[in-house]
Amino acid sequence: MATTKLLSDAEVENIPAVKAVFDDIRATRKSDFVNNFWRGLANDPVSLKRIWAQLKVVMVADSAIDPLTKEMIYIAVSTANGCSYCVHSHTAAARAKGMTEAQHGELVSIIGLAGQTNHLVTAMQIPVDPQFEVK
Amino acid sequence: MATTKLLSDAEVENIPAVKAVFDDIRATRKSDFVNNFWRGLANDPVSLKRIWAQLKVVMVADSAIDPLTKEMIYIAVSTANGCSYCVHSHTAAARAKGMTEAQHGELVSIIGLAGQTNHLVTAMQIPVDPQFEVK
Amino acid sequence: MATTKLLSDAEVENIPAVKAVFDDIRATRKSDFVNNFWRGLANDPVSLKRIWAQLKVVMVADSAIDPLTKEMIYIAVSTANGCSYCVHSHTAAARAKGMTEAQHGELVSIIGLAGQTNHLVTAMQIPVDPQFEVK
Amino acid sequence: MATTKLLSDAEVENIPAVKAVFDDIRATRKSDFVNNFWRGLANDPVSLKRIWAQLKVVMVADSAIDPLTKEMIYIAVSTANGCSYCVHSHTAAARAKGMTEAQHGELVSIIGLAGQTNHLVTAMQIPVDPQFEVK
Amino acid sequence: MATTKLLSDAEVENIPAVKAVFDDIRATRKSDFVNNFWRGLANDPVSLKRIWAQLKVVMVADSAIDPLTKEMIYIAVSTANGCSYCVHSHTAAARAKGMTEAQHGELVSIIGLAGQTNHLVTAMQIPVDPQFEVK
Amino acid sequence: MATTKLLSDAEVENIPAVKAVFDDIRATRKSDFVNNFWRGLANDPVSLKRIWAQLKVVMVADSAIDPLTKEMIYIAVSTANGCSYCVHSHTAAARAKGMTEAQHGELVSIIGLAGQTNHLVTAMQIPVDPQFEVK
């Protein structure tokens, strides 16, 4: 259960600012499926438009990091932040972009190892080596 | 300042179990530099050996994810966990493995965007779409 | 499912120390509803009393921050900590204290933006400007 | 020490896209001071522009939540996320917008109490009461 | 719902590397029950073996910290990280190792208090006293 | 640098409500040392008194968990929350209560392992086994 309503397609039909974003999500993704995140954000059409615009720039546009790697980075952040929905949605997105089961297994291992060494470092309060400084 | 001693090379010289790991770190990385994380862990030689063995398997061995991507995933987790030392050390490692400034800029942007949507999802408590389920 | 029992009103009836707190919760809130959080804490009557006493001091007493703002701050912390129950309960409380949908939308936006810039700052490890120091 | 360079005013002088944002930050804030966050983001002019544009919409524009409350919410998120820089910069911003020492003391108390009850709830895994559901 | 399959005993029967670990889990714990965590990890037999080997060394082997205290420390970390599954599984494990309801109540109180003072410290950005330094 | 003043003994001399708490801290701990946390909280005498009273109940009073174990649990939470000050102060407290270097090494290992399995579980979104439910 959400703390806001999740707008249905019927409800969106009457809010042109939301309808325009949903249409663009569908066109960009070449799929009729609009997931719950956008249906929650749709309560605030200005935010909806802003967040979708950012996602297109950061995640969809051509860039120096390939689309699958972007999704794996997203899963990593979402896991460390404990966002269940985000882990689910971006794992599905990564698979849709070709992530193999072997890659998923490795991704999970890297995230786990980073979780471990992050905790070890923090428990020991290790100071940053001067060699890591950016001059 | 750490909550444990950081062992110097002179101190390690007298602890064969630690010396062996430090030698392997140097041989594996083809560098004389052993960073503070290992010097803190060296207080517990059994842990030191276990953690280094894992790091070799997960981060160094040939695998389905390339070495630079692995480092970027590590940075992502470390950032979300707020581990300053880890962000520093793995950003240095990623640069050593060829991360360009353009890639770093994009990595930072993806991490930032994931941080934002993680918070939006959690604030709205969005339920997982059935489409994201693994059958 | 909880990791402790959630005490029912019938069970509480036989534990005077718990009954007294539940009575005060009902009187203070002018409502018969006692939510699950207190039913879990009731396994430890001393803690129950201590936590409720604090909540009255910090959240209910007259003060320099108005009641609705307090709830919005609580939602912000609970979201960043990923506490689903807390986000639900304090969003309901904020609405009961008059939070409009427009305010909720903005609150969600601020939380999301803070999540983003928090991650950007940590990924870049930005040092604190001397201008922010308290003299 | 940052993991990226912090661009000085002299360096920014030669990057028109960055210069334009810095000029707008100065004009909007009616202050010559541009804090380190923007100097780090300036390595990626497109991100710099995008993040500043968002901040103006969410934090500066007229809205249903007053400017001081916005800053207190920002401090709450930044504290829970453990972002030292962000706690410093937004506490300074809140004071600049009129936060009294009494309000700061209460804000700290609310954040602390939320941190406590968030942990209590998670340790006990309290299930969400149906009464908190949005219909 | 998981983001990976949870392997059943029938499926594991055909994967000797997984079967061997499951057999060892059962023998070590003197119980036929293999919980879902291992069934998810079983998708990556190498990880499964590595993680189980670590758990045996850290949690099962004789050591300077008694088994119940270890489980309480595990619950503390899992709570602060918001890992619902982990809080459930290690609370069950702690009870199986003799944790009384009084001890559980106190554990929850300590975790809650630590959550509170962690947030207070971070909100006030308290600097480390030199007295806490390890010489 | 803190976001509030840290009150010196000279300043506290003129604030009876704070002086009384500082005196009790010194008497309880049998030490003249009052660490920075209390000097920051002293800006808000009511909070100072409330937090110290709680700490005495939860951490100092006789109870079902021994004092050293309490400190180790505190370190575990503080590490997972990334509270550097808290890790430092409670590691010092644990050593003062007799924590050996072997115990500290194990504590760090348990925290690290919990960090790893917490991340593995969250990345795989493992559902809670019915066996872990409290009836």
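First chain written, first letter: the chains are A, B, C, D, E and F, and each begins at residue 1.
Simple rule for what comes next: a contact is a pair of C-beta atoms (placed from the backbone, for glycine too) under 8 Å apart; a residue touches a chain by one contact, two chains touch by 3 or more.
Since this is a predicted model, take the numbers as computed values, not measurements.
J.: If you take the chains that touch chain A and keep only those that also touch chain D, what is left?
T.: B, C, E, F
J.: Using the contact definition given at the top, which chains are in touch with both chain C and chain D?
T.: Output, common partners of chain C and chain D: A, B, E, F.
J.: So, comparing C-alpha centroids, which chain is the farthest one from chain B?
T.: C
J.: Decide which interface, C-E or A-F, involves more C-beta pairs in contact, and give its chain pair.
T.: Top pair by contacting C-beta pairs is A-F.
J.: Between chain B and chain D, what distance separates the C-alpha centroids? Give it in angstrom.
T.: The separation of the two C-alpha centroids amounts to 27 Å.
J.: Taking each chain's centre as the mean of its CA atoms, how far is chain D from chain E in angstrom?
T.: Chain D and chain E have C-alpha centres separated by 34 Å.
J.: Mind pulling the chain D residues that touch 2 or more other chains?
T.: Touching at least two other chains: 1-4, 51, 54, 77, 79-84, 87-88, 91, 106-109, 111-120, 122-125, 128, 132-133.
J.: Which chain F residues qualify as touching chain B in the complex?
T.: 82, 87-88, 91, 101, 104-106, 108-109, 112, 119
J.: Using the touch definition up top, name the residues of chain D that touch chain E in the complex.
T.: 75, 79-80, 82, 84, 87-88, 107-108, 111-120, 122-125
J.: Tell me, which parts of chain C touch chain D in their complex?
T.: Interface residues on chain C, with respect to chain D: 1-4, 6, 33, 35-37, 40-41, 51, 54-55, 58-59, 63-65, 69-70, 72-74, 76-81, 83-86, 88-89, 91-92, 100, 102-103, 106-107, 109-111, 113-129, 131-133.
J.: Enumerate the contact residues on chain E facing chain B in the complex.
T.: Against chain B, chain E makes touches at 1-5, 46, 50, 54, 57, 128, 132-134.
J.: Along chain D, where are the residues that touch chain B in the complex?
T.: Going by the criterion above, the answer is residues 1, 3-4, 43-44, 47, 51, 77, 81-83.
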